[in-house]
Structures are given as structure tokens and as C-alpha cells.
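These are the structures, in C-alpha cells.
In the two assemblies presented below, subunit A is common to both, partnered first by subunit B and then by subunit C.
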Partner chain A sequence: MNTRRLPTGGQINRAKPLEFEWDGKPLAGYEGDSLASALLASDETILGRSFKYHRPRGLMSAGVEESGAIVTIGTGARRDANVKATSQALYDGLVAKGQNAWPSVRNDFGAVNSLFGRFFSAGFYYKTFMGLPPFEWGKGTGAWMWYEKIIRKAAGMGTASREADPDAYEHANGYCDILVVGSGPAGRAAALSAAQSGCDVVLVEQDFALGGESLSRVEEADTLSQELAALRAAGVRLMENTTAFGLYDGGVAGLLERVTDHLSAPPQWMPRQRFWTMRSRFTVIASGALERHLAFGNNDRPGIMTANAAKIYLNRYGILTGENIVIATNNDSAYLTASSLSNAGACVTLLDSREQILNSSQSGVQSTGVDVKSGMSILNAKGSKGVYSIDLAEKSPDGWRAKNQMACDLLLISGGWSPVVNLLSHRGLKPVWDSVNACFIAPDHHEPIAMAGSAAGIWDHAGCVQSGEKAADHAVAHLHGQRAETSNKSGGWQTPIEGLYEISVSGHQHKSFVDPQHDVTADDIRLAHQEGFVSVEHLKRYTTLGMATDQGKMGNVIGLALMAEALGKEIPEVGTTTFRPPYTPISIGALKGRNVGSHFRALRRTPLHDWNLNAGGTMTMAGLWHRPWYFAQPGEGIGEAYVRETETVRRTVGVCDVTSLGKIAVQGPDATEFLNRVYTNPFAKLAVGKARYGIMLRDDGFVMDDGTTWRLAENNYFMTTTTAHAAKVMTFLEELLQTRWQDLRVHLTSVSEQWAGIAVAGPQSREVITECAADPREVTDRALPFMGVIETTLKGNIPVRIARISFSGERAFEIYTPSDYGPAAMDMIWSAARVRKGCLYGLEALGALRIEKGHVTGAELDGRVTIEDAGLGRMASDKKSYIGSVLKNRPELLKDDRPRLVGIFPKDRREIFNAGSILCQNGNVSGYGNGWVTAVTHSPALGHWIGLGFIEGGHSNWIDREVVCADPLRKGNTPVEIVSPHMFDPSGERMYG
Partner chain B sequence: MANRCSALAAYYPTGLHGRPGEPGVKLQEIPDLSLWQIAGWPDTMELIHLAITDGMNSDRLPAGRALAGSKGVAFQVEPLKFWLLAEAPPVFKEAHGVILDLSHSRTQIRISGPEAQTCLSRLLPLDLRDHSFPQNAVASSGIHHVGITLWRSELGFELFIPRGFARSIWELLLETAEQFGSEVI
Partner chain C sequence: MLRIQCPFCGLRDHSEFSYGSDASVEYPPLDGSQEAWHDAVFQRENIDGVQLETWQHTLGCRMWIVVERNTRTHDILSVRPAHDGMAQALNTSLITEPDQ
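After this line comes the complex of A and B, so read on.
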């Protein structure tokens, strides 16, 4: 393969040379080069190693279907594996290297695999797993554990960087009337016509240059810039470097825009890639067609590529890829390429498998010096790291027969063209076989999609342009609610194509590749057939045909043809596999966009978030919220901090940010009736200025949530929910109003964000509130008794609503202030608490306090618990109907032996036990046990560890019975004592006092 | 009276960011939001309309559009609920509907400048093209799974973000805007 850059020609900017590195070697190219063309111009011909056999591979194409030049780009954290050199724009400083080879792609020790090629045939893995016959039949091989590591190491191609990705990615939303995919002649014609009809058009092109096929046609390249200018003038939004990778419901197209992948020094403020969700009302697919290879001996050698690729390298990049070139074809398209190469100075021989070729075709190329041989093709390519000669094959009545050898340094293949129908296939439409043009084309359909150009199987330039305009007419008519002609007629060649997929002659055994990316050979296809894998879907999975990064772009049709031949059927009878998104690979980074690191999930901050941090709080996640976990003093860990906080609350006073509790405004003349229907306990007579603790059930009678509801005015309530169930409660209540109780005049609004919540708990809590209140008389014991509610102001005219309610079991208040006043209110309250030797406390101490009291929370109310189970049966009214009131009385839920809430002490008070353990009768630790532990803490008040949990029949059932807390995976068995859940101050004197 | 403390107080990097040159996007918190929710009943909606639009140049609030007047700006957020950006709530009989102060529940961020539309499209699945989302258009949507309300005022795009999520979304906005050259005002 003697490649050279021609002194003139191409779409490259020779005034701007670029330096790059290939496998450690400094090389140069030009602006406008792809990495592939720059390597080719530098006479680098071995660019990869094959997957299984480590055969040397060179460029096979010039586009996204490339299966040879798959390389690794970049270094360090920016190392990007499996990049197709044909799609990568060259930039100054680009570093590329070969992959799947050691020490290099030119000299790879892995090539020894070729010697064992017969053992790596289709189904290699399956057969390996079967085990050594007859000893391991039916049970798989035990040796797998030994060679798994070797196989895993050998599998795959390049390796991704292990470092964190330093680049930013983002998502984007786009809207347009018409999305045109592809900037070739058909796409441009469609876009211009549609835009001139007044439509908002977006045209996307996967290449780094706009123009498609026109970039490699000298006669069109000159007018391309004018056409692109006309598109811009017509308002078409042009997006190069952008792949339409999938089509989805509702006119949604997934686009991947490579924003900076072509830049040597991307600005730090730019994302590397952008993942677009483009919503269009109509899509024109002008995505072109891919030229097919042929299956023949050693058809994967460096120096063998598609004819169209050679044309692209010649006309777009100014590179003559060989001096003595043979082209094998079965269709007309290669003739133009032959003429171009001959005109550029190469000696060209054209082997046309067709015996009858129209004179006009022949004479056209013969005048340029091309030697045309009809009824001829290739049997085998000779050479290892390049091609130096070929064995010819000649048509015979019963197939092919071997002919003489012929010297050459470049072999070009044109086995026909496959329209890129992938996007249409994403819509669930099976492509249909066009036997005249020997390709799959789009079926008739009713989607708002039109195919145009060679994607529709149209091969001539004028036909492509015309089909683009017709597609635009179709689109515009659709937008106006009119029907239009939906399909373009395929064709355009003077002499019909001949269906040719493999050239083989009996007695000549060579490796003949169908899917070069996965090293699937023609023999593998036949082996799969012999072994009974006759369905195309089974064939695919057994041989891995079409499962590599090109997703069958290069080999699928050949594979299907070979299977059809083996089955004695026609290709349409065999069918085709389904194309699924993405059309080309997408980085994980683009899929995640900016939702990474601290933005993996949106963080929900309370108005006191920064206040808590400044006060030394350590935060923990509570749903999307960050809540203070504990406030450690110097020398303290969490264990010491929460015990101190718990003790301080019991002794003096503690202050805690409780903003994350759900808060719902319930307003309207029927609000009281509404609450009475959703809570198990009566709300009909709750006085204004009073709060009440309430339990809500689900329809099925299990507990959904608990909380307090405050009556602020006759028709105005303030409901609080648990942090965990805030959204669920809000949604359920809104559903009740909108579906079952439309007659009730009630409005619900989440006010969780409106109010900052501060709990002040402890014997000295009233003193703290009194010091902060603008009018201390409003917060006296008489003015604000237990479960009393007031709306008032703190000093500084800070509006607040205060209820005297307790979660800790101490005298306590919950104070809510409009969020923006949260820090100011907290400053004041904390100042008053601090002088009383109070503390800030977090979620851990909050948990300890409530466990001591036996108060339930989300850990206990897990959806399996009835109100009786939770020990709150007295709150279930038998005088009214409410949500869940019927189904809670199902016999199964009324059984006495259901697990009931209990307190748990270790028998040996020095012992510790874990939440999540199961409770079992001593000596019978089995199955799910008799109960489970939901929460544990060290109780400063009691001086030992305590827990809450559920056990069959509750406390009374386990008096004087021996129970163990079984934790087989962590701690083993701990003897425990089942006690009442009200482990501290059961009469509530401290709370009411 | 104590001062209100913005959700963005701890992270408000005023000045120019990202791409040099004239900023394509300007970001600004509109502080001290005064937001009222007015909710009526199916048979009192006309009366609620009248109360809300008092002082405005129309007595009808078209769906998806804001109406501005000397007393504030109003738009519909649910079939029976309206938001009123005004110093004081409207006056109407208690039987006609209910009023709720939501002034502290949302953080208002204005995004303006020649690239504001493009910048927002990176985060919002809304068609913000001029003919689809003209001045005074209003929509409910989501940024990073957080429900937001968007109103296009004569000064830019006004985002109303739940206060607890405001800082997180603000950080995303600042990051996204850098590519256009941004200015935090």
C-alpha cells in the first residue's frame, strides 16, 4: 500500500499544518484531516489488531462503520478508548495509540492466537463452559475459575481510564418543525426547501464537516459552501459534529453533539459533549448509505478498504491510497471511483462480477485508463501486513473458479450499498428487502418521517436532490395537516446490481471475515447453521455477528445472505435483526450530563443549612434533604456527641432544625370534615389554637403516616407530616380531593418550603421561648398549654407560629417562621438556649430521645404496620368512618399474635445489639424469627442500650420469656428482654409539666 | 424587623464568569419575593378573577399567560389556583376562596441576555422559542427533577424555584451559563 498526499486537491487547509502523535511517533497532518486520513498520509497502514485473532488491521472505510482503525485517543484521565480514527477530527497535539496489542499494533505478541484460530470459532464461550466431556457434562466446567481471568483479560478492545472524568457534559432541549438528519445532497435539498416554506429546520451532521457525499465529489465540493450559506440564510440551524443516535415516540430524536472533541485546547467553560433531546414535528432521514464489503479469503488485510473510502481519501483529503489498485465490484458506483483514482495517477483494474455491463459504463472508465474485467472477482488476498497480490476468481456455470494471480498494492471493494435505515428501525419498523437494489430499505409507514437520498436507496445525485425536495414537500404538507406522497422510488444505476456477498471456491480454504470487529467469519455463520442456530436472532447471539461497536454496519447483510444460502432461502425469508439506539456509541458522560458529583441529585437545603454548618453541624442525608446529624465538640465523635446532646435536652434545653418535616396548608370551609375523614382520630371538635396528633391509614388499613395538625383559624389548618412521607401524604390527600371527594371545598398546598422549623425541647424550653418572644405573656403555660398553638412574633418582629408539642418526651415547642427569617430566629433562640447551658442537637439525638419514649417514625411505620401494631389503637375511632377504617378490621389484621411495638433491653445491660436484627425465642433462631428490631440507641437516661421493635403478641406475650436478638451476619445472638415501648417517663410528666 | 436571608446568600458570586467578552447571560436573584396564592372554588372563579385582575387591563387571565397591572402580576398555576406577585393580597369575601402567603417558599431568579433562551434550554424541557413562549408566557416545568415555574417577563425569564432546591439549581445555572459568558448581578 503506497499512499501519498497529492500536492493539490481535497478539502483540507494546507496552510494550517497540525502535529499529532501516533504510538509515540510524532506525525503531521492538516486542518480538515481526520485522524485516519492523517495516518494514511503518513503511510501508517497498520492501525489496529483484531478482537480474537489479533490480525493486523488497517483502514477499511472512511466513516462510522470503520472496523479496522479503532484506536485510543488522549492520555491520563482523558483517555478515550475504541475511537474510530475515521470519525475523529485531527487537532494539534492529538495523541493516539493502537489498542488490543502488545507491545504495539505493528508487532503484537497476541497474533499467536491466529495459530489456534480453529478453537476460537463460533460458540467458543458456550462450548468452553460445557465442561470436559464426559466428566463434566451437564454441570459446567470447574476449570472456569482458573481461566476466567485469562479470558476476561483478553476480552474487549481498549481500556478506559480509571481516573475520574475531568470534563463537563450537559443535556439540552431543542425544538423545531423539521429535523433533517444528514447534510448530503438530499439532506441539504430537504432542509432548504422546508426552510423556504417557512419551517423551522434543524439539520444535523455526524461528521466534523458539513456536506456528506459532496465533500468527496469534486464537482459538488466547489458549490458546497454556497449551498451551506444559502441554508444559513434561510434560517436552517446547522449542527455538525452531531449524531442523531435514536428516534423515539412523539417526534423525539436523541442527538449527541461533540462540542470540543475536535479542539486541541477546549475552553474550560465549554462542555465536552452535549446530549440533545430534540423534539420535531417531522423528521427527514437523509443519513446516506454504507458501502458493503465482500467475503473472500483474507479480506481483512491492511490495504483492503471500500471503494468509496478511497474516493473520500482522494477527493476530500487529497490522498492517493495506492499506485496499483484493484477494485472488485458488483455495481455501478465503483466506476466513478475507478475513474477518479486513475485520473489521479493510479493504475486501476476494475473487476466487475457482472458479466453484462452497459457499454456506456465501461467506455466511461476505459477512457480514463481503467482496465475493466467483467465476470471477475477476488478469491483471496495475499500478504500479511499489506496486500501485494490477489488470487482472481472467474464466474463459472456452477459458481466461481480460481484464476490467476494479480499484483496490486491496494484492493478496493464495493459489494453494494446498505441504506442507513437504523433510525427508522428505532420506531419499530422492520426494513424490507429490495431485491432489485440488493439492500434493505424503509417499509411503507405512517410515521411523520420521510427517507431521502441514498438512505432511501436512491443512487444518482439528481435523484437524491429530488428525493430531498420531495421529502420536504411531504414534511410541509404534514405540518399543514395534509397528506402527501410518502415514498421515494429507489434505484438509479444504469446496470442492475448483482447480489454478491461471498466468493469462494471449493478446495481453497481461507479466513473470510463477515464481521471484522468481532472476528466473525463466513465459516462461523455456517457452523452456527450446522449447530441448529437457524433464526437470525439466534445466529446473532451465537456468533456475536453485529454485536460490536459498529452494530453490524459492516457485516450484517453478508451474514444474513450466508445464512439464507445455508438455509436455502431468500434473504427476506431469513429476516433481519432489529436496529436499536444508539446508532453510534455514546459516552456515559453525555448520558449523565451535569447530574454528577454534588449534582447527582438536587440537594435540598433547609433555610438553616448554612447556619447548621457554621455551628459545627455534621450533616446527613434524609431523602434529598441534608439534616444536622450531630454537633460534635472538640474531641467528640458521633457516639459521644449524641449522648451529650440527649443528656442536655433531658437536663436543660436543646435546639434542633426540624424544617424537613412535611408541611401542608389545608384551607377551605370543608377542611375540618376533610381532616376528620383522613385521620383515624376525631378532628371535628379541634378548637382554634389547638394542635392534635393524628394517624393516617392507607385504604388497606395499614398506617401511612403520622403527624400533628394545627388549627390556625376556623377554615385554616397547618398539617405536619414525617420527612420521609411528606410527598406521599400530599399526593394521596390531593388524590382524595380530586377523585373521591370533589364535593369538599378544600385546598391543599405544600408549604414545606415556606416555613423554617425549629424544635426547642427540654425542661428550660419555656424560658428560651419566653426570652425570645416579643410578648412573653403569649407563651406562658396558661396561654400556651400542651398542644396549644399561637401565631405571634419574636423580638425583631419575626413572625412565628408556635405549638407546644413534643417528640422528645420533654416539655417542648415547635416554632415555625417564614424561611427567610429562619437564620435570624435561630440566632435568637440559640443565644437564649446557650446561656442556659443548652445544646444544638441533631438527628441522632432526636432518634435517641424518641426511642426512649417509644415514639414511632418511618423506621417503624414501614407499610406493614397497623395502628394496633404500633400501639396506637386507642387513636382509632369507632364512632366515625375514615380512610382505612373498614379494611383495618380484616380478621388477619386483628389477630392477637401480630407483631406489636415493644421496647428491648439487653439482658446484660452492658451489651449492645443492632437494628435490623431478628427477635427469636431463645434456642429457636430460625427463619424470620418472632419479630425484628427497628431502632437502637444508647439511652443516657437509662444508662444502657435500648431498642424498639416488633414481636408477636407484643410485650405482654413475652414477659418472663427468654428472647435473643439474632444478628447472624454481624454480632451473633444477644439475649434481650422485651419491655414496654414507653421506656422513659411513661406517664409523660416531663412533657406535660 | 429582621432582614430576610436569601437561599442564595452563601453563594452569590457577583461579576463576570466563563467565556470572556460581553456576557451572553445575566443572572440575578430578585430578592424579597412577595407571592400570594389565591384559590377559588368552581362556582366562584369569576369573582376570584375579578378580585385578582382589579387594576389590570383585563378581567380575564388567559391560561398560560401572566397579566400585569399596577398592583402586581398574576398568573394561573392550577385550575383553581393563581399566583399573585404583589405587595398585598387581593380583597374578596372568605366564601369565594382562600389566600396563602408563599413569599418565602420560592426563590426568584431572573435570566436575561441574548443567550438566556439557549442557556435555559440546557436545563428545561420547554419550547422557549419566541413564538412558542412569548413575553408573559407562564409554564410549570422541571429542572433536574425539581418542579419550577417559569414566567417570561419583559426583563427576562423569571424562574421560581422551591427555596430548598434554589441553591442547587442556582449552581447548575451558573455552571451552564459560563459557556455563554455570564454575569451575576
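After this line comes the complex of A and C, so read on.
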């Protein structure tokens, strides 16, 4: 390949040279260059190594279909692998490297694989390493797992950086009337026409320059800037560097905007990429067409590219790609390229596989000195790191026959054009085969989508412009509620294309690539057929055809044609595989946007968050909530801290932030009836000023949630739910009222954020409340007995709701105050507790206290537990019907041997055991065991570790039986004793007293 | 992404909504038979075509709505409030073609 930059011409700025680095070598290009064009102008021809055989590869195209020049951009944490050099804009200081090669792409040790190429046929790795025959037959997966690690290293692409991504990414939302994809002649015509009709139009272009095909047509390029100015003036929003990668339901398009990937020193405030969710009412797809290769011997050599690519390098980048050029074509499109190259000074031979060539398409080129040979094509390319000659093939009555050799330094292929129908295909519409134009085109459909330009199989400029205007008319009509069709006829060539996919002659064995990126050859396709893979979907997965980063843009149609030939069918009978998003690869970073680190998920802080931190609390996550975990004193770890907190609560008093509990205001004349239907226990006669613990089931009879509900007034209740199930309960209650029980006059309001919650628990909790209350007479034992509720104020006029309820098993109060009063209320309560040698306690101590009492939480109520299983059967009324009351009585759920809630002690009281362990009968640690452990803690009251769990038949079934707590991956077996879940103060004297 | 015409808020992304269940199910009375409850809770048609679904506008007005959707094309044919009184009050028992 003898490439040179021409002194004039193209869309590059020769006054602005840019420096960049390729495999450590300093090189230079110009502003407006792609990385590919700059490498080409610097005469770098070997830019990659193939996936399997490590064959040298050069540029094969000038666009997103590139399968040769796949490189790594950037260094360190910003290293970005598998970038197509053809779509990367050049910038000053760009650092690029070859990949999948050692020591370099020019001299790659891995190329030794090529010598054994005949063994590496389709399915080679699986066939060989699923147990090395005959010794490891039947070992299958095990053997594969071992070999896979080695194979993965040898075959492959670039390697991603292992460092954290230092760049920022954004999610953005957009709306428009009409989204136009592609800024070529058709897209521009559509956008202008639609905008002039008063529509809000967004036009997206994946390239770093707007213009599409016009960028590489001299006469169109001249007027491009005026056309773009006209578009802007008409109000069209133009977005370059933006790929429409997917089309979804409801007119939603996914766009990836590469904001800084083309900048040398991007400002820090800019995101690297922006992921757009664009909602349009109509989409015009003018995404162009991709030129196909042909399958022939050694068709992957550096120095072989599409004819269109040479035209782009010449007219857009001002590079003449060769001196002695051969073009092989089966259609008219290469003629223009041939004459441009000839005019630029190259010696050009055009091999047209068609025997009949109309004079009109010929005449234009002959005057420029192009040597046209009809009925000819190419059989094999010679040279390894470049092409120096080719073997010609000539049409014969029964196919092709080998002809003479011919010297050349560049080989251009035009095997026909594939319209980019991918986006339409994302809508579930299978493209149909157009045999006249030898390509897949859009089927008839009723989506608010129109195809335009070469994406609709239209090949001439005037036809493309016209189709764009028609698409705009269609779109505008649709927006006005009129039915319309875009009836664009494909075509535009003077001489019909010849369906040509492979040139081979028996006796001439060469590697001929169908999918160069995954090293899938024509023989691999035939082998797959021989082995019985007749469906294209199977063929694809077995040979990996079309599964590389280009997703079959280059080779799929050839693969289908070869399969059709092997099956003796036509291409449409074989069908095509489904295109799925994304059209081109998207970085994970863009998908995640700003949802990283602490922004990965929403964070809920209680109004007491800062208060807890100032008081020395260590926080932990409970769902989305940050809750205090423990309050360590100097020298304490979590173990010491929670044990001390637990002891202090039982001895004097403890104070805890319980804001995260769900809180729902249930109000209205039918509120009582409503609660009576959703809770298992009776609520009809709950007195005003009283709270009641209640359990809710799901429709299927399993426990959904538990909590207390306070009757504040006749028609006004305050319901609390568990932290974990707050949202689920709210949604379910709303569903009941809005769908099933529309007659009930009840209003629900989530007030979880409106109230701060503080639990005061311990023998001296009454004294603390009394000290804080504005009127101590209101909180006496008589005024506020167990399960009593009052609305009152604390000193300083702090409004509160207080209920005497207990989760800890101690005399305890829950105090709710409007969120903004939270810290002030906490200050007061805590100082009253502190003088009584009380403590602040966190989630860990809260857990220890409730485990000692056998109180259940989310760990036990996991959705598989019935009210009987949880030991709360007495809460299930048999005098009324409620949600779940029918299905909880299914025979299977009434069996005596269901796992029931139990307490667990270690046999040797000095031992520790783990939550998540399996409870098994001694000597029979296998399968699912007989039960499981849900929670463990050290119990200061009992002086040893205890647990809660479930075991078949419950406590009474396991008295005096040998049980082990099996934890094979961590602790092994611990002999345990199954006891009642009420392990501390079973009669509840401390709580009620 | 589906776009759902909420009768209260307008056209919104489906990500603002949560799917509920089959809106054609008639739940038995609370004291109904076990068979009736079993069928209502567990028996579901896997419809190829138009089906009625309940959705909640969870991140919006929190209203439950009934969506008539084609499972094959994802076309939404109509949307109405699940609560009949609401539907009547809004007088929008059927909103066709969210696009127009």
C-alpha cells in the first residue's frame, strides 16, 4: 500500500496539525482526521491482529462496521479498549495502541496460531476442551472450566483498565416531535422539510462531523455548510457524536452522545458521555447503508478495504490510498470511486463480476482512464502484511475459473450494500430480502417510523433527497393524526446488482473470511452446515458469526448467503438473525450515569441523622435508610458496644432513633372497617387512645408485615409498618381501596417522612418521659398504661404522639414528633436518660433485645412464613374474615410439621454460631436439613449466644433431640438445643408491669 | 420503554409506574371459598394479544389505573382510573392513542 496525503482537498484543516502516538511512535495528522485516516496518511498499515489466528489486519472500512483497525485508546485509568479507529476523531495528544498482540501488532508471537489454522475450525475449543478425548470424555464442564482460563487469554480483544473510571457520565432526557437519525442527504432533507412544517426536530449523527455521505462527495461537500446553517435556522437541533443505539416502545430512542471523546483536554466539568432517553412522536431512520465485502482467498489482508472506504479517505480526508488499485465489484456504486481515484492519479483496474454492463455506467469512467474488465473478479490476494498481487477469476458457465495474476498495492471491494435497518429491527420488525437490490430492507409496518435514503435501499442522490422529504411528509401527517405511508421504492442503479458473495474455484484452498472480527471463514459456515446446524440462529451461535463488536455489520449477509447455498435454498428462506440494541457498543459508564458510589442508590436519612453522628453513632444501612448501628464508647468495638447497650436498656434506660419505621395515616369514616379487613386480629373495638399490635397477610395467606396501629380519634389512625416493608404495605393498601373496596371511605397518606420516631426503653423509661412531658400527669401509669396512646407536648411546646409499646420487652415508649422537632426532642429525652445512667442504642442492640424476646422482624417474616409458623397463631381471628384468611387455611399450610419459630441455644454455652446456618438432626447433615437460623446475638441477660430460627414442628418436636447447627463453609457443626422462642422474661412482667 | 397516559398526570414513562396484576380478575368476597380465592390469586392467563392490567403511578399521583395493552405489540389501547368513581368524575373512561 503506497498511501499519500494529497496537497489539497478533503474536509481536513491542513493549517492545524495534530500530534498523536501509535504504539509508542509519535505521528501527526490534521484537524478533521479520524484516527484511521491519520494512521493511513502516516503509512501505518497493520493496525490489529485477528481474534483467533492473530492474522495481521489493516483498515477494512472507514466507519462503524470496521473489523480490522480495532485499537486501544488512552492510558492508565482512561484506557478504552476495542475502539474502532475509523470512528475515533483525532485530537492532539491522542495515545493509541494495537491490541490482541504480543509484542506488537506488527510482529505478533500469537500469529503461530495461523499455522494450525486448519485445526481451529468452528467449535474447535468446545469440541476439544470439553474433556480432552479420549482421556477426559464425560468430564465435560469441569475440564472446560479449567481450560477456559487459558483459552480466554489467547483469543480475544483488548483489555479494559482495572482502575476505577475517573470520568463522569450523565443521563439526560429529551423530547421532540421528530427524531431524524443520520445527517446524510436523506436525513437533512427530512429534517429541513419537517422543521419548515413547524415541527420540533432533533437530528442525530454518530460521526464527529455532520454530513454523512456528502462528506465524501466533492460537489455535495461544497454546499454542506450552507445546508447545515439552513437546518439550524429552521430550528433543527443538531447533535453530532451522537449514536441512536436503540429504538424502543412508545417512540423512545436511546442516544449515546460522546461529549468529550474527541477533545484533547476536556474541561473537568464536562461529562465524558451522555446517555439520552429521547422521546419522539415520530422517527425518520436515514441511517445509511454499509458496503459489503466479498468472500475470497485471504480477503482480510491489510491493503484490502471497501471501495467506499477509499472514496471517503480520498474525498473526506485527502488521502490517496494506493497507486496501483484493483476494484472488485458487483454493482454500479464502485464506478464513481474508480474515476475519483483515477483522477487523483492512481492507476485503476475495475473488475465487474457482471458480464452485461450498460454503457451509461461505463462511459463515465472510461474517459478517466479506468480499465474496466467485465465478468471478472478476484480469487485470492497475495502477501501477508500487505497485498502485492492478486489471482483473478473469470466467469465460466459453471461458476468461476482461475485466471492470471495481476500486481497491485491496494484492493477495493464492493460486494453490494446493506441498508442499516437495525433500528427498525429493534422494534421487532424482521427485515425482508429485496432480491433486485440483493439486500435486506424494511418490511411494511405501522410504526410511527419512516425509512429514508440508502437505509431504504435507495442508491441515487436525488432519490435519497426525495425519500427524505417524503418521510417528513409522512411524519407531519402522522403528527396531525392522519394515516400516511412512506412508499419509497428501493433502487437507483442503472444496471442491476449481481448477487455475489463468494468467489471460489475448486482446487484453490484459501482462508476466506466471512466475519473477519471473529475469524469465521466460509469453510466454517459449511462445516457448521455439515454438522447439522441449519437454523441461522444456531449457525450464528455455533460459529460466532456476527457476534463480535460489529455485530455482523460486515459479514452477516455473506454468512446467510453461504448457508442458503449449502442448504440449497434462497436467502429469504434461510432468514436473518435479529438485530438487537445497541447498534454500536456503549460504555458501562454511560449506562450507569451518575449512579455510582454513594449515588448508586437513594439514601434516606432520618431527621436525627446528624444528631446520631454527633452523639458518636456508627451508621449502617437498613434498606435505603442510614440507621445508627451502635454508639461505641472509647475502646469499644461493635461487640462490646451493643452488649453494653443491651445491658443498659434492661438495667436502666436506652434511647433509640426508630424513625425509619413506615408510618401511614389511615383516616375516614370507614377506617375502622378497613383496618379490620386487613389485620388478622380484631380492630373493630379498639378504643380511642389505644394502640394494637397487628399482623397483615397477603392474599395467599402468608405473613406480609406487622406493626402497631394507634387510634388517635374516631376516624383517625396512625399505622406503623416495618422499615423494610413500608412501601409494599402502602401500595397494597392503596390497591385495595382503589380496586377492590371502592365503597370504603378511607384516605391513606404516607407520613413516614413527617414524623421522627424515638424509642425510650428500660425500667426507668417512665421517669424519662415524665421529666420531659409538659404535663407529667398525662404520662402516669394510669393515664398511659401498656398500649395507651396520647397526643401531647413535651416541655418547650414540642408536639408529640406517645404510645406505650415495646419491642425490647422492657417497659417502653415510642415517641413521634414532627420531623423538624426531632433533634430538639432527642436532646431533651437524651439528657433525661443520661442522668439516669442510660444509653443511646442502635440497630445491633435493638436486634439483641428482640431476639431475646423472640419478637419477629423481616429476617423471620421472609414471605414464606405463615402466622402459625411465626408462633403468632393466636393473633389470627376466627370470628371475622380478612385478607389472607381463606388461603392461609390451605391444607399444606396447616400441617403440624411445618417449620415453626424456635429459640436456639448452643449446647456448650461458650460457643458461637451463625445466622444462615442450617439446623439438622445430629448425624444427618444433608440436603435442606430440618430448619434454619434467622438471627443470632450474644444475650447479656442469659450470658451466652442465642438464636432464632425455624425448625420442623417447632420447639415441642425437638425436646431432648440432638440437633446441630450446620455451617459447613464457615464454622462447621455446632451442637445446639432447641428452646422456646421466648427466651427472656417469657411472661412479659417487665413489659406489662 | 412503554409510555403510559396517566389519566391524572398525562403521558409518562413506564418507569414511573409499577405493574400490579391482571385487571380482569374479580376477587371473591373475603369469606369466599378456597377454590375461588385460589383461582383469583394463582390462575393467570398468558395472553397473546390484548389484556387488562393494573398499574400504579407509584412515582407520580399513586393512583391505580387499568391499562389495556397488547402483549404482542406493546401498544396501549386505553387507560382509565381503576376506581370507577374517579373514572366517572374525570369522565375519561377511555383514553385512546396516547400519541394524539
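Brief remarks follow.
Following the convention adopted for this analysis, the second predicted complex is superposed on the first by the 902 of 993 C-alpha atoms of A that agree within 3 Å, B and C clash if a C-alpha of one lies under 4 Å from a C-alpha of the other, contacts with A are read in each partner's own complex, and residues count from 1 in each chain.
In this section, a contact is a pair of C-beta atoms (placed from the backbone, for glycine too) under 8 Å apart; a residue touches a chain by one contact, two chains touch by 3 or more.
The model shown is predicted, which means the values in this text are computed figures rather than measured ones.
In the superposition on chain A, A:E753 makes contact with subunit B only, while subunit C stays out of contact range. Residue contacts after overlaying the shared chain place A:P448 against subunit C, while subunit B stays out of touching range.
Set against each other, subunit B and subunit C touch different numbers of residues in subunit A, with B touching more.
When the two complexes are overlaid on their common chain A, residue A:R281 makes contact with subunit C while staying clear of subunit B. Look at A:M619: by the touch rule set out above, it reaches neither subunit B nor subunit C.
Of the two partner chains, subunit B is the only one that A:Y821 touches; subunit C does not reach it. Using the contact criterion defined above for the overlaid structures, shared-chain residue A:Y882 touches subunit C, although it does not reach subunit B. Once the two complexes are laid over each other on the shared chain, residue contacts for A:R745 go to subunit B alone; subunit C is not touched. Once chain A of one complex is fitted onto chain A of the other, the partner contacts of A:Y248 are limited to subunit C, with no touch recorded for subunit B. Contacts of A:D610 after superposition on the shared chain: subunit B is touched, whereas subunit C is not. When the two complexes are laid over each other on chain A, subunit A has residues 277, 279 in contact with both subunit B and subunit C.
Listing the residues of subunit A that touch subunit C in their complex gives 248-252, 277, 279, 281, 428, 448, 481, 677, 699-700, 731, 734-735, 738-740, 742, 881-883, 885-887, 889-890. Here subunit A touches subunit B in the complex through residues 168, 170-175, 200, 267, 269-271, 274, 277, 279, 594-595, 598-599, 601-607, 609-610, 624-625, 665, 667-669, 715-716, 745, 747, 749, 751-755, 796-798, 818-825, going by the rule given at the top. Across the interface of their complex, subunit A is touched by residues 1-3, 13-14, 18, 20, 23, 27-34, 37-38, 40-42, 54, 56, 58, 62-64, 73-74, 81-86, 98-100 of subunit C. Residues 1-7, 9-10, 17-19, 37, 39, 41, 80-81, 94-95, 98, 100-106, 121-127, 129, 132, 144-146, 162-165, 167-169, 171-172, 175-176, 178-179 of subunit B touch subunit A in their complex.
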